[in-house]
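Below are two complexes that have chain A in common, paired first with chain B and then with chain C.
And then the complex of A and B:
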């Protein structure tokens, strides 16, 4: 287990040392906050949704974008490892490739969450002049939704054994996350049937539900959210290991 | 000596789908059945502990496929492999602790971190106890002379420095066999010399078995003592480097310096390469004549100032072998 913890630590440090990348992500986060808060303000006015307070909206967007922008592109790393043949170099090592990828990306995610959270929340607090009451639940819930997203990213990455390109799958996943997660517009704005459909997926818990809970904390909803995370994580991990084993078997028989 | 690698009647084939050119071809390709391509055809060899083997062949000969099977990444169709008494396809994880790999075009070092951090990570991956790791790192740092830049981020290292660190990274867990795939690719001549020197020192001091693939014949000449040549999935030659030079040399290069601007010399079974500016250069066909006979003829000639007879370079010998 020590090797996986060290891998996490190493990538946490490596991400922190990559200052240019962190600066780029921070600028992107601030830009997103400015654009989306204005966009949503106009949308709320046009839809006469007076209950959508601009300050709450900015916190909601900040909490969503915080996790989304912090996510490392582990699916691209897997694609590259397979395409460049780097996998042949990594597989003989006495370490699980899949777990090592998970720990590496978790290290990068944690460092990004730390830096982007500090800057993003400071900016949002300055703009709104307040901190929401469920703010303390932000850290564990943000990390949980980030981990769930990582599992799905790994799943998309593993698809490269069959598809050779992860781009199309990732594009689909990201768009579904944006729509059903309530990033483009709050889920409450959508028709009832889309809301029902969205709640059958893990996306609302990854973004909208989690962010809403951080703004207005309720213990029951928090427990429900944790149960949802656990449910989707079990499904994701099971699918991940089954597909990875099948993919690896294919690789060892017919090469990369 | 004990055999550390035992390969017997090893075969491997891949199924490949043909891609035809053009729009029509692309549509046709969708309905084509995959065809089988034999990458390795019943090869057998053994490698003893401490041997330094060059495993070479033209592109597509099956070198990488064989190495992947030896390290457990690919499973053979038929035949058997034993590496350090383990079956790689079934015991890849256990084998991982006993072998090291260096691929010249890949990097095991983290780009933004100093090599020391990656070494520490590898000590965790290979479960090396801290005191042993410290001792091993200290010894390898000495052999490969990496102390001056061990704390510099990898992105600031030259290619030669990086490759020396790659070698240290692959040796930290004291592997019994080191697989090297083009370890000097892209390096300048000084860096190449250093790497070759370090590999020789390592082999002498630790008796690590080296299994090297390289297109640079100087790597083979300076590091290895045995050559296995692979072509189209079959072993076409498996011999010692000395024997290769002796047995496979079918020609010699004769160079004469004379006091005549152009030498008027007609030697049997030779091919004149150059004859101008007081130099005469020709190739002697050893399948039809002997060096002794040619020298005898040359000495009849007047105005000879100097004579040199050389073997063709290893590169030429290997090229001739590839071309049958």
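And then the complex of A and C:
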């Protein structure tokens, strides 16, 4: 276990030390906040779809973007490891490849969440002049949704055993996350059947539902969200290990 | 002439390499197509509900998506090598490109091709058929080329920052992805400062707004705006890259080109 904690620590520190990248991500986060808040304001005005005030809206978007922008591209690392043949050097190590990738990306995610959260929330608090009631409770849920996204990213990364590249799966996942997560436009804009469909996927709990909790916190909803995270995490991890093992078998037979 | 011949030969090889796994190629194609169509179906539902969004109709939205997705697909097929530009800079792997007497930027760009770009091109074709946009094909094609230049320019600028700022590949990737995302929104909904941002910092407006307006009502002024802005941005990107190249330090390593 110690080696995995060490990997986590190493990548946490490495990410914190990369000040230029953190600065770039912070500027990107604030740009996205401004763009999406305007976009949603228009959606509210012209489509009469949501009745949130602009301040609440900015907090909702900040909490969504905070996790999305913090996510490292672990799927690209896996793709590169397989394509360059680096995987053949990493596999014989006395450490699980998949777990090491998870710990590395969790370290990077945690550092990004820490820095982007500090700056992004300070900016949002300054712009709106208030902090929502359920704010503190949403921080651990943010980390949980980040972890769930990492599991799905790893799953996308493992698809490289069969595919030439991970991009198409990643684009599909990202688009569904934007649509069903309620980032692209508020879920309330869509017809009822799309809203029902969305709640059958993990996407609303990763983004919209979680951020909405900060605005109006209810213990029941928070517990429901944790149950949803756990359910999707179990499904994701199971699929991940099954596919990884199948992929490794294929690699052993066909060569790296 | 020799340079063009070299670029197309390089591209031919890269494209062949990208589609060598036939089954993976077909799956990628279908995945990209379905991912794009999901997005379009959503806009179709919204337009059915609201008829217009900021004076844009569903046809305008189909044109925007045909142009935006086609342009992105072209950039992935023709200039795929640029995706790893910042990594090449950081790992000092530009050496192998610098030692050849060819245009370095085009050499890097043509060294890789992404087959998923064909999925985007297929989406464009599907949209032309679905939206009955046959009469608009010449302008859609032209807008795809200029849009491709804008995507490529955005990517070159973002990735070239690695010359000055070091390891910023994740920021560059997020910026390039967001440019594609914002280009597919109806740009006319942005106003004030945001509109300026959409034509400068995130030039999504050049990819989407100008072509849609041009196709809606052709004017030479709009055509000039489209050609001039995309060419100017591409020139700026090349300038920034070459300025950055002056700061590049060789890694003194022996590497092979991938």
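Note that in this section the second predicted complex is superposed on the first by the 254 of 256 C-alpha atoms of A that agree within 3 Å, B and C clash if a C-alpha of one lies under 4 Å from a C-alpha of the other, contacts with A are read in each partner's own complex, and residues count from 1 in each chain.
Assume a contact is a pair of C-beta atoms (placed from the backbone, for glycine too) under 8 Å apart; a residue touches a chain by one contact, two chains touch by 3 or more.
Here the structure is a predicted model, which is why all the values come from computation and not from measurement.
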Inset, instruction - Could you look at A:18 and tell me whether it touches chain B, chain C, both or neither (first, second, both, neither)? - result: both
Inset, instruction - Report for A:30: first if it touches chain B alone, second if chain C alone, otherwise both or neither. - result: neither
Inset, instruction - Tell me which partner A:162 touches in the superposition: chain B (first), chain C (second), both or neither. - result: second
Inset, instruction - Using the touch criterion from the header, give the chain among chain B and chain C with more contacted residues in chain A. - result: C
Inset, instruction - State which residues of chain A lie in both footprints, the one left by chain B and the one left by chain C. - result: 18, 84
Legend entry - Interface residues, chain A side, partner chain C - complex: 18, 20-21, 24-25, 28, 31-32, 34-35, 38-39, 42, 46-47, 69, 72-73, 76, 84, 162-165, 167-169, 171-172, 174-176, 178-179, 184-185, 189-191, 194
Legend entry - chain B-facing residues of chain A, complex: 2-3, 6-7, 10, 13-14, 17-18, 84-89, 91-95, 251-255
Inset, instruction - Provide the residue numbers of chain B that touch chain A in the complex, in ascending order. - result: 14-15, 64-65, 68, 71-75, 89, 92-97, 99, 101, 103, 106, 108, 110, 112-113, 117, 120-121, 124-127, 153
Legend entry - List of chain C residues in touch with chain A within their complex: 18, 21, 24-25, 27-28, 31-32, 34-35, 38-39, 42, 45-46, 49-50, 53-54, 114-116, 119, 161, 165-168, 170-171, 173-175, 177-178, 181-182, 185, 189-191, 194, 197, 201-202, 258
